[in-house]
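We call the chains A, B, C, D, E, F, G and H, going by the order they appear; numbering starts again at 1 in every chain.
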């Protein structure tokens, strides 16, 4: 049984969206990943979203490009937290279209939007949501944050060694 | 029985969307106008769109603001031509959000997008679509275009009379 | 005799615009495709647009880049429905110029605008317009939509098989 | 003890941010609301964020305008889920500055961004996050969504009665 | 006989466009001002542009808002220099639509674009064009430039007197 | 003695700006082309602009990228018509910076702005300005316009032959 | 003798620019404030900038709107640090024009750009520059920063008292 | 002991930021360059900024991409002048995100923003700030400006020799 659902509008979004899966893998958080197109499979989207709670998902991550309706439509059909990942697809207008059609949801139906192509951050945000009441995950997130710091310190050292004024 | 359906995401869109109705009234084209919210009444939207053909509509006009998913979602659930009207609602980002989330539909599901707040043009476009095989409407459109010309000529006269170099 | 006219501002638009033709081919809808430049051959554009009805076209698809005046000017010279395809040409400003100069038509003269480089959707929209009173085409569109669904389901399967949380 | 913290960069953000508080009030979810400025009180921000978990907050809502660093900086100092509300302050460039400086967080530190001035949706998103493991809140959210539907249906009725084609 | 033609897409553009006329009046340059709509009176636009040279105009100033096709279409039908004035009309998207549809002309057909609502500068540019071979006008322009300097110096004095550090 | 001056902010603009020179060459219009940097050689720019009339130039073409001050500053130091060419240099923000800093001149000092990288059109516009009182050039421009038409007709033929619906 | 020069392109910029003066007044830093227009008084601008060092100015603050060339041109004529204030004037395109024409200076000639209408911050930045080697000013800045903190804390208290979850 | 600190949010910013170091090297101005991430090492950023004055830095240069909080946060923790370099990182939205999140600082906390990727100009601006009270550096800057002029003149010569009208 998966705690997180990762859906995307098209399989061409997989190279971006798989970063969310990888992060959840790293934290041993179970997920289910599939393709659900708001425009090409609207009925499938309906069924997925309406049964999401029964499927025991706790968080949904939805990525889409262009006129990206998937995250918002799913959010309108469930009360689970939905994380939206705007994707800069080909023929997208520099990503503005997917950002705005995910972010600018009307009052009543929020989507937790992350950065353009920010699927990794979607994975981390899902973990933070689970971690807000799951101490194990919370600890792992603290460890992850500490690791990031160390990596930066190593890089800082490298830069300092290379260049000296 | 109405030939055109005019739907909008919120009753606050009515002051804009009624221009479409007025134009159809002028050309004696029957229409049905109501509120269908993609995000607050997704099931209603599904039913509306899936039964649109059976309801004998020939064209659908859908107006929405912000992350405007209504026109695109309706288009994904019917094969009728769907005209999208981006609306500059309060808290919209200058209308860019509604324009891009209506216009930038993926391959397979087109929405015939008109100008920001361009509900009147949506009405005219609906008439043009009907007029492509309905001679009566086609003639009325020709008359309408002639009338526009006359109005411009009168205004041109007025400007010429006012200012002389 | 062609039911749809596909025109473009320059032969450099052909790689994009041919997607419209291909879709119409797939649905066995007749079309005539040529180059009509609003700025380099204004008289030709006038003649084309003014005789479009007599030529028995039912829908016009017009693609153009940059300051894209072709769709709007043609729309002002006929009462047929005109579908505009904004094209991201070289030296275009990310496509914004062609989008805005096609979309933002004044009241009275609508252009049915599709996504940037969205020629395929222009073809589908033309078919939807014809299909609104032509049952044969309507059926083909339903079949096309069903096929899209199947393709997505296959891809969904593939993604699900690849990645397991 | 409050489950949600609502912070804002300036007291001038209160008219917007209070919508988040009102929604939480409606659902009887406890919260603490105060002003924390990333730029004018950086130490206060540090202390707030670093002690947020100990303070037993489960979600943080942070609103800010212009170069809005508050949500992202708080997110970097905790592992709790942080919801960012971009605010269109005076001298803001149409809200683009606050949207982009909240949304475009680098990999590692996500902020759950909602629409421009979307404080109400921030409140709802906080409730959804709590509701993902709190059945009481989950039920309330379902009731809220049902209420929204009813309101739309009433408005739809009104619009249908007013205008008849 | 007028040396400059001032045309505009709609009489609602007159409050802006009259600044061009006023400047030409100040320099005693003759002009003819009228309304020519590219979209509502395309034939009139054709006739105007094709006969502009025979009408002995030396420069054409054309103002338009939204999808502003007038300056570019006129330029395609004459070899006279055409000055385009983008106008920020209601429902315009902050003026971007008119700027881009006037400025971004394809190779072969230039439009001399001035600032948004910059009709006065269009008048001055027309005078500069005439002045490039008409010494009388050239002298007047030099005098005008000197007058501007004096005005600035007076204002500088005022500001210096008001505020002292 | 040259009738047109072509200046550019940097020699890296030459590949773009040389299109202006080529067009003038084609029409046998004399020009002088050089580098004048507003920011790196401000005194040189002053001298150039202030002596432009005495140098018998009739039109000035100025190209620049980024914060492009050259066209506007030259226009402030002469009464000759100045044509500005916005150039999309590296590190430019998609050309918006050069477009806006050339186009948005304050009242009193116009710059005749052409499209992004539109140096060829700058050459044609210069020829149109000269042609407004020089019949020889006017005739050449008419011939050029006729040639463009023929080229389009040939291409139209080609497209028609390739694709048949 | 003034340590800071505050110049602006037009006296209409005074309501914005006076905030810079007020801050310098508060810190008892001497300044000279006047109008210098790059486009209407280019010679005055040259003289001002070339003699700025001799005038013993240590920092220059320059505010301008639209195609804002003043800060960049002054920076090209001196080696003093120049602070640019983009001003959102009427007919400006939401301030984008002044921001980009001040910010996007080419390599070699920097302008220290502050926020749109950010004249107060320009004053503070000037003080920071002086304070980097003037201990008295440095102390005053520390005091100013402390005062800001206190103001925020008071406001935080107020917000906390008003709203309780 | 270094007079200038050059910090960057990530070591991937080094290829851009090293231009600042190179310019300071050319002028023999001492600097310290390292990586400080606002989001990954917030404590390190705090310590760096709060001890910057004691470390005897006179100017800080901070470069960052995306939601670039580093320059503004450092500016809030010191009274030294802080120069911000917006960096166009991968997944940045054409650099708009970093520009706006550095530039649009609220009143009280200025950041001296330079052009996108404008690290060289950041180095020059730092030198100008030091040069405002350090005659040696001031002289070097004058020499640098003279050298730039010469380079332009040489290039002008080259362009003039190549092309003759």
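Here is the rule we use: a contact is a pair of C-beta atoms (placed from the backbone, for glycine too) under 8 Å apart; a residue touches a chain by one contact, two chains touch by 3 or more.
What you see is a predicted model, and the numbers here were worked out from it, not measured in a lab.
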{"item": "Contacts common to chain D and chain F (chain labels)", "value": "G, H"}
{"item": "Separation of mean Cα positions, chain D and chain B [Å, integer]", "value": "34"}
{"item": "Centroid distance [mean C-alpha coordinates] between chain H and chain D, Å", "value": "35"}
{"item": "For chain B paired with chain G, centre-to-centre distance based on mean C-alpha positions, whole Å", "value": "48"}
{"item": "Where chain C touches two or more other chains, by residue", "value": "10, 40, 66-67, 93-94, 96, 99, 103-106, 108-109, 115-116, 118, 148"}
{"item": "Listing of all chain pairs that touch each other, if any do", "value": "A-B, A-C, A-D, A-H, B-C, B-D, B-E, C-E, C-F, D-G, D-H, E-F, E-G, F-G, F-H, G-H"}
{"item": "In the complex, chain A residues that touch chain H", "value": "88, 94-96, 99, 115-118, 148-149, 151-153, 155-156, 158-160, 162-163, 165"}
{"item": "Residue ranges of chain F in contact with chain E within the complex", "value": "53, 58-59, 79-83, 99, 103-116, 118, 120-122, 124-125, 128-133, 138, 141-142, 144-145, 148"}
{"item": "Contact footprint of chain F on chain C as seen in their complex", "value": "2, 4, 8, 10-11, 14, 18, 21, 24-25, 29-37, 40-41, 44, 66-67, 91, 93-94"}
{"item": "For the chain C and chain E complex, residues of the former touching the latter", "value": "9-10, 38-40, 42, 46, 65-69, 72-73, 75-77, 92-93, 96-97, 100-106, 108-109"}
